[in-house]
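Each of the next two complexes has subunit A plus one more chain, namely subunit B in the first and subunit C in the second.
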Partner chain A sequence: MPAAASISVVVVDDQQTMRSLVRTGLQQLGFKDIREAGDGEAGLRQVLTGTTHLVISDFNMPKLDGLGLLRAIRSHEPIRGTAFIMLTGRADKELVQRAVQFGVNNYLVKPFTVAQLKEKIEAVFGPLT
Partner chain B sequence: MVGGLQRLDGLRPIHVVQGEQYVTDDPEAVLTTILGSCVSACMRDPLAGVGGMNHFLLPGARPGETDSVRHGVHAMELLVNALLGRGARRERLEVKLFGGARLIKGLTDVGALNAGFAEEFVRREGLQHVGGSLRGDSGRRIQYWPGSGRARQVFLPKQAEELIAIETRTPKPAPAQTGALELF
Partner chain C sequence: MDPMAEIKATFFQECEEQLVELESGLLAMDAGDDSSETVNAVFRAVHSVKGGAGAFGLDDLVHFAHVFETTLDEVRAGRLAATAEVVKPMLRAADILADLVRAARDGGFVDPARCETSSAELKKITGIEDTAAADDDGMDGLVFQPMQVALPPIGDAPASGAPDLDIAALLAAAQPEPEPAPAEPGGWTLTFKPKAELYKKANETVLLLRELARLGDVEVELDASELPLLPHLDPEGSYLSWNIKVRGPAPEGDIREVFDFVESDCDLTVAPIGAEGEDASGLSADDVAAIASAEAELDIAALISRAQGGIAETSEPVGQSSEQQPAPVIAPAPAAPVAAAPAPAPAAAAPPEGREAKAAAAAATIRVDLDRVDRVIDLVGELVINQAMLAQRVTEAGMARASSVAVGLDELEQLTREIQDSVMAMRAQPVKSVFQRMPRLVREVAAVVGKQVRLVTDGEGTEVDKTVIERLTDPLTHMIRNAIDHGLESPEKRIAAGKNPEGVVRLSALHRSGRIVIEVADDGGGINRERVKNIAIEKGLIAADAALTDEEIDNLIFLPGFSTAATISDISGRGVGMDVVKRSIQELGGRISISSRPGLGSTFTMSLPLTLAVLDGMVVTAGQQTLVAPLTAIVETLQPRRADVSNLGDGARVISIRGSYVPLVDVGLSLGYRSEPLDAEQGVALLIEGEGGRRAVLLVDAIQGQRQVVIKSLEANYRRVPGIAAATILGDGRVALILDIDALVAASRGTEAPRMLQAG
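Coming up: the complex of A and B.
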């Protein structure tokens, strides 16, 4: 049972408001190490330059979208094992299927609750303490 | 002019109801809506020639209620992403906000919560808030021309129950996990 505080998270979304909401939810769940990035390129830099256990990323972003970020992470040996949860809209079934092909660990449909966020993270890491 | 609003002869009116958004690059389009305590964001990128409108109400809005705010953020994000998908650039987006009236005194001022959320969203996202009309105690009928960015509003008679009925006529179910894929 991993402690939420021991999991390092990078939240990637081009909307500052959404990043704040995800951060708030993670903090409510006990996460401490939370970094943010406003697009896929910045997110990739965060993952490459610091210890990251989990990426929670939007799909629609400038420069490098969520799928591009996922592919980049899965193709870099040192970081390819990083857990990846994609944030999607309601009508993104095709996107989810493509993300699965690229090795996404889970996905979360917006708008979501903190309980749903917890459920998706626990499906990847196991029950959080 | 009809009741303070412009006649729409030759134009293509599109009515946006609660829970929906509409984006177009049609220069002949005019987006319309009726607002009580709900809020509509009217956004456009003048260079890309694309614009749109949403119409939302924070469900069970209470100050600081995170899950309620998530729905508002989602409504705004759907509009922003639809515009970006049609060639708009975030830094060029111009926003007008309408609605957020207090229709019934004595209850929680849901309109003010909606208006405050919309203003805060625009501020935090660094979007250009170029106008609009928020709060007050009357419903509004809005026309918005995404091609030019022009907007007109007419205050409606204070018939709170009727306005609430109009706004909630076609409620959208909360977009939760319904229809989601079972892959994990």
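Coming up: the complex of A and C.
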């Protein structure tokens, strides 16, 4: 039963709109430590340079895309235990399947509600307190 | 603002960016660019609009974007070729998407029939009838791993000790699965390091590189690592070297021949590609070594852009490249090959320039509400006025120019100006945003009138105030329509005249003496002066026996009520004539002129101020009133002698300046400040040049001085006054009117109703 406030999150999306929406949702769920990155590369830096328990990342981004970010995280011992939730624009099974191969922990289809966000995070970490 | 409203505002701002991206991408595709980078950017734009729209429940937008996205996805996946039959409907769809976004933002409304037609068109292309936008559950059978995360308290040390090295290695690990490398076409790897002598003998490296490019597919990488800091730089030294790959069947002899004349003045190595430790993954030994030696000295940015270089090159899959073994992944992942042992570390090469420049251009911007910028501009305007008032008080107090207060004030003035310039620069934007709307317009108009047109644009990066840009769209649109509809001839006529059947419309922008000059030129038949004159006579705009110069005839098209279109086509004839164009340009403080050569085409030249907020002005007195004349219009000031002035009767006067006669405008009299003409010898004359180089002399009582004034719109605060462009507040707090030079010049020529002035 992890407390939301004890989980630090990095939100990666090239759209400020989407980052703000995820951030607002997370804040409503009690998350406190939320960092943002505008592309996969910046996301990777964020994960490497600060404690990160969860990455919520868009798939389609310029530079390093979501799948690339996931692979990078999973291939590096010190951070491979970081949970990863993929944001997708539509229920693209093929894409999610590939992400599963690389060890994604869950996915979230845009647009999402705060309840859906909570559900997906809880599917990864167990019920939030 | 509540957080959702704020996010929504961000969303609409981002939408605008996406829409620009979308259109320019589609236009690139239309021009034959089908690179995955472009298609992906276009897809991402629509995708992002849809994603955000969904979050705000903008269903119309979501549905339309969804159909659009589906089409783009087909193109992206290579199932659909980006032919004109596919791209043109998408361009139309992009228009509708833009309208939908704006409708959602401003509460407007888009004709559902238009959306439906476009949707149907797209669906027909893909053959995909309807994919439910929200079939959330196609994910059965996928098993997600819950995370057994031990959550350490926040604030623990970062998980990784050496992030610099990690990023490089990880980015390499993040590459797409290596596909079988395509067979190398063969070629040569060169290192080329000129000595100072090479330059002394007036050789140009760029010419050599260009020559090389003729021999095959060339990849050039500049190595600037030996470039010293400026103080240590010998301007005649040689610090740059190049790593070059020439792919293709060219023999070594041909490659070396390029360097024939400079061989003794440079260090050159030529080796077959692959022989330099380049492994099958496409990473050169240099790359591997650079990554491996990252800990030693390389900065992270260089590594990232190096690794990124590999990502973009899909034709050249990049494999595992570091000594670091990838950690096992949680779920099965394709095993990546481990690179061969790295070669000895050479000097780090600079990252490919283009990419870096691009990245740098995209970085470091912040979004600021325009209102805030305008507030600052307003305040700086007040500051300028305040500073001027202060300066005046100091002068009035009789302080010496050399006194410390006066000197300090001078410095303050300098600073104020700099602040003003910097703030103005914040509102400046490249004209690109207007220019890039034109290609579509040209295509559409050309299709309707059945002409072949090529649009050439130049100077898109030229910056000007945002308001000027916004208000430039309509006049430019109209002028381009005109250029195609009236300016260019039909292909048959062009061929008959020995011209290329394809007409050229050139749109260019440049900065010239503190203004922006925009030209719309066509290579059509030029103005048909005979016809223009006849129409003007017919419409009673000029007398039947009026003797007009060619230039005057050309300028008739700017008169209200003039339209040359014999039939009102649905392109130009929308009841908007060149007079409206001229007025909108004038409202921006700009001028427009035309020059035309029969058989060769016409050029419309607009000159606009870079900012609408300040003006360098000459403060003058006319009939007890203080007025401001824009400095840019003043050619010279002179003390008239009575002998130089001649009366033409009817109250009109001319003044002789170095042998040529120029109309004299008595400003006090024209504006009704006095009833009797001013004796020329009692006043001061300002020789001014208005639109199209037409000159006149303004006669005023006295000159007070020169200063920068903050423009306050008269129209916004009072009403439009003929002969007056705007108002300002002077250093002593008085309001002064700013003269409308063009109106005064026109009045002096009698071409533009002097009665208009008297009415004011």
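Just so it is clear, the second predicted complex is superposed on the first by the 128 of 129 C-alpha atoms of A that agree within 3 Å, B and C clash if a C-alpha of one lies under 4 Å from a C-alpha of the other, contacts with A are read in each partner's own complex, and residues count from 1 in each chain.
In the analysis below, a contact is a pair of C-beta atoms (placed from the backbone, for glycine too) under 8 Å apart; a residue touches a chain by one contact, two chains touch by 3 or more.
Given the structure is predicted, the values throughout are model-derived calculations rather than measurements.
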Partner chain(s) touched by A:Leu48 [first = subunit B, second = subunit C, both, neither]: second
First, second, both or neither for A:Gln16, with subunit B first and subunit C second: both
Touching partner for A:Arg35 - first (subunit B), second (subunit C), both, neither: neither
Which of subunit B and subunit C A:Ala83 touches, first, second, both or neither: second
Between subunit B and subunit C, more extensive residue contact with subunit A: C
Which of subunit B and subunit C A:Lys118 touches, first, second, both or neither: neither
First (subunit B), second (subunit C), both or neither touched by A:Ser75: second
Residues of subunit A contacting subunit B in one complex and subunit C in the other: 14-18, 20-21, 24, 60, 62, 89-90, 93, 96-97, 100, 105-107, 109-112, 123
Complex contacts: residues of subunit A adjacent to subunit C: 2, 6-8, 14-18, 20-21, 24, 33, 40-41, 44-45, 48-53, 60-64, 68-69, 71-81, 83, 89-91, 93, 96-97, 100-107, 109-112, 123-126
Subunit B contact footprint on subunit A (complex, rising order): 14-18, 20-21, 24-25, 60, 62, 89-90, 93, 96-97, 100, 105-107, 109-114, 116, 123
Complex contact set, residues of subunit B against subunit A: 66-67, 69-71, 73-74, 76-78, 80-81, 84-85, 90, 121, 124-126, 175-177, 179-181, 183-184
Subunit A-facing residues of subunit C, complex: 3-4, 6-7, 10-11, 14, 40-41, 43-44, 47-48, 50-52, 54-56, 66, 69, 133, 135-139, 142-147, 149, 151-156, 158-161, 163, 166-167, 169-171, 173-176, 304, 308, 311, 326-327, 329-333, 367
